[in-house]
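The two complexes that follow have chain A in common; it is paired with chain B in the first and with chain C in the second.
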Partner chain A sequence: MTLQLFGKLVRLLLKERMEYRADFILSAFAQIIAYAGDYIVIWLFIQRFNTIAGWTWPEIALLYSIGLFTYALGASFSFVQMRELESQVKQGTFDILLIKPVNPYLYLVSRGFNLGYIAHILISGSVLIWSISKLNMQWTLSEYIYLILVVVSGAMIYAGILTIIGAVSFIWIRTNFMFTLFFRLKDFIAYPLPIFGTFIQLLLTVAVPLAFVSFYPAAFLLSNDATLLPQWAMWMVPLIGPLCYWAGYRFWMYGANKYQGAGG
Partner chain B sequence: MRMYLMFTMKAFSNQLAYRSEVWLRLLGNFVTILIQVEIWRAVIGNGSVAGIKAEQMITYSIINTLLFALLLNGVSSKVDGSLKSGGIASELIKPLSYPLYLLFDGLGNSLYQLAFTAAPSLLIAGLFFGILPPATLTHFFAFLLALILALIISFLLGYLISLLAFWFMNHFALSWMMGGLITIFSGSFLPIWFFPPSWASVAKMLPFQYMGYVPAAIYLGNITETELWQVFAMGVGWIVGLLVLVQWLWTRAVRRLVVQGG
Partner chain C sequence: MDIISVNDITKTYRQYRRFPGLIGSVRSLFTREYIEETAVRNLSFSIKEGEAVGYLGPNGAGKSTMIKMMTGILVPTVGELRVLGSVPHQARKDNSRQIGVVFGQRSQLWWDLPVKDSFDLHKYIYKIPPITFEKNLEFCVELLAIKDFIQKPVRQLSLGQRMRVEIAMALLHEPKILFLDEPTIGLDVIAKDQIRQFLRTVNRDKRVTIVLTTHDMKDIEEICPRMIVVNKGSVVYDGSVVELRNRLGNERQVVIDFREEPGLIDMPGITLLQEEGLRRTYSFAKSDASVFDLVSRIAAKYPVEDASIESADIDSVIRRLYQQLAEADLKRQIG
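Take a look at the complex of A and B:
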């Protein structure tokens, strides 16, 4: 599948969404309110306790915003597509995808490209910029490049994990609960990881590499060295995303090749 | 009445079909509780903040996490489903009260969650993190009463959202907005006693506190026996107010109903 085709699909999707413009804007507005709720609760928390594990409000805001921003980027390419896979497999409509003369994964991902995440991007992007300016950090060009790289990598980590969960529906059909579990695990990285024990930190570093999405990058950018990883490893963090996404893609293609249909 | 109880049983047995998900649900609850426990241990430690110890906050978090599984906010997505599919038309011609059907159907789900998620999760959490007993016997009974208030208020709010969706045709946006308000003002993560004064006074005027803060605070005895009357009176006031509102909206919504396909 070419980039041109992707561009065309996105234009189509945009037209589709703009058919119900007021509805789209209402949805985006609602999501901004919902996430503002999350930010406000953490802000209220820090009003009372000053810091969480030594992290101040702008630092937590940076950590949380990197997590949300990368999630929005990654999920727009994966979440809804992979969640719907379950019912597509169940009803047999997935087969239609397999007879199209394009790579089924790329088609599924771009046909379902989700513009709905614009609200996440807006709120997390604004808070991210606010927190960087508030923290008054003496950043050189390399820190800015690092930030961009970890954002891309984080998005790929999310997309990779969601892709793997989606591929499980080829085997088990029901995957709904794995998504719920994923979101529960994702809750961990809203906070500085050192408050959790070593086991949780290892779990999120090795088994489900969510710690690489926001915690390690933020700790590195804030020169906070209370992490499990040594400093030199921090420069490797942006490599985790591509690795994760590649693994997800391979697993998904493997599952799709094994796919026998669930009757339907 | 018997007919409605049948809906409760039906919803309960429908849920039984997904027994295999119980383990994952228990794991999910455990993770949610663990996160909160670690946060409170980190910020309070062995001392106390504003007279609150870490153990109290752990009990508070456990109650809130489990309560969340029982609440009936989900009713709005059910109405939305039949609104979009057009199935609402056939729901309305049945000789029964649609809102009551929704309530009893939701209660069936809650009952299932209570038996298969909340009760075992309580046991697990008690074993791992420890739970304080209720402050006094009075507080325990008041807590049970507060649970009923929580169920009714969560149902009415979810139902309100689903009625508003008759106009906005976007149940999704409305429930996100209410979700944001619930996150802050239910106090289910950060209790209202830790709020800055101005925020606390707003939170104490809203109905969302009954879906998290109030039951847990009563259990822990942080709402004194003299205050209990006031809290319950206001809760009942909210229920009456919401009932009037949804009843009024319901009569208008049915007249407005546009079935698209179906």
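Take a look at the complex of A and C:
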């Protein structure tokens, strides 16, 4: 599995999408409208209360946009691939991955690379840029590097968690309810963590580390209160993504081995 | 040299009990109740380079499981399995470059793209040198007659066309062994013939070892000189098609339509198989007198309207084999 092969797959995927051009454009458009709706809901909310847990509208916009942008990146490499894994295992189409001279995980995620997330990227990217300019921040190079690192890390957190859920299909087959649970938890991180009780804060920091996707990075960048984490932990945050992704990959490979019947 | 050797292989699946609904799903996580199911039981056989072997058995006999083990998809629970000198699942990546696999019911092509795109990707993934690729492509295009639709999206192909393309793709990287899991399922007679002829050529001329599972005995007759019959996970026959026919097929059936009720026909060497109104089906032992003789003797004594002789085709040979197996099972259960 090389970058070159990934490039080849993307070319084919693009060609495939263009077979249904109108459908692709319409659904991208629909996604943008749906997410614009989400932004508007939060905006209206803030119009009423001025701030949420001390966060202003541009700050919340930044928080939400980091969350959505990273989700789009991470999910394009994982969500549909992992959601479909259950039926692939059931119908035996998963077997086809195992007869190719490639790493089955890397091939699965690249073969299913989802171009549909372009809509999420467009809207969250635009709002992200708008919020940064609106906030008028005196950023040096290190803040920009930090932003890039946390975006990559956040995408890896999402992909890692979704990979873990997908890998469950090798062992227990039913994964639907876990995806539902995941999206419920994901809804929480649209808002600053301090508005929730300690239990939720701990849950999103320790058990399902979604708070590392957008809340901690945004809190550090904006010098807002990061509740559970001290300022010195700021540069540790981008490490959570690779860690999470690595764990997801290992668990997935363990599941695939289990499916094959190797080693227990 | 044995290209495949299967030595006392057993494969058992664990089927975990699942409970319905959300609460059930959570419950399934904690109660790991399971049943063990043996798909393949103490199976042994070996296949030499250049052979073409039909692997068959009734539904649930463990055919697909065996193919999956030989291709490295599944790992045997017990036993030793070697394909091209190595253990398939351990050398999965290396082995996959030397084997071709076709699943009759699972496509490996990109549904919405022209066939050629799938081929090009295959070339890339299997690192096929351009000259080899062109040569093999030409060979398949010509013999499988796929030239006309190689630029068409896969979704527009008929099942027969698609199957030809799947087989062509599996051969582009010059595999030493070609595994086919029900390659002719659902195809019309002409498409089946085309595929059989092609596979025969690939086996005879290119010396590609072929292992195929099927329910269509004509596939076996036309492609595979050797057949392995499995039932309930064990080998019940391993030998040539001719031999099996001789062993089980030395009976002929005669269907006689009588003008009127003939009563009981008493003639040595015949057994009544079926009675439907005035139509009777008898089986004749081939070794005794000629069938014609017997029929004409019956015609002389009884009011025969019409008679037709049916030689046991391979289908009925296999049916008889499966029936014998089922009866043996039943006896074992009762006894």
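As a convention for this text, the second predicted complex is superposed on the first by the 258 of 264 C-alpha atoms of A that agree within 3 Å, B and C clash if a C-alpha of one lies under 4 Å from a C-alpha of the other, contacts with A are read in each partner's own complex, and residues count from 1 in each chain.
Here is the rule we go by: contacts are C-beta pairs under 8 Å (C-beta built on N, C-alpha and C of every residue); 3 or more make two chains touch, one makes a residue touch a chain.
Here the structure is a predicted model, which is why all the values come from computation and not from measurement.
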Which superposed partner A:D23 touches (first chain B, second chain C, both, neither): first
Contacts of A:G92 with chain B and chain C, given as first, second, both or neither: second
Chain B versus chain C as contact partner of A:F177, first or second or both or neither: both
First, second, both or neither for A:L12, with chain B first and chain C second: second
Chain C-contacting residues of chain A that also contact chain B: 177
Footprint of chain A on chain C - complex, ascending: 11, 13, 16, 18, 22, 25-26, 28-29, 68, 71-77, 89, 92-94, 96-97, 99, 101, 103, 105-106, 108, 110, 112-113, 117, 121, 124-127, 153
Complex contacts: residues of chain A adjacent to chain B: 23, 26-27, 29-31, 33-38, 40-41, 44-45, 47-49, 52-53, 177-178, 180-181, 184-185, 187-188, 191, 195-197, 200
For the chain A and chain C complex, residues of the former touching the latter: 5, 8-9, 12, 15-16, 19-20, 91-93, 95-96, 98-102, 172-174, 176-177, 260-262
Chain B - residues contacting chain A, complex: 21, 24-25, 27-28, 31-32, 34-35, 38-39, 41-43, 49, 168-170, 172-174, 176-177, 179-184, 189-190, 194-196, 199
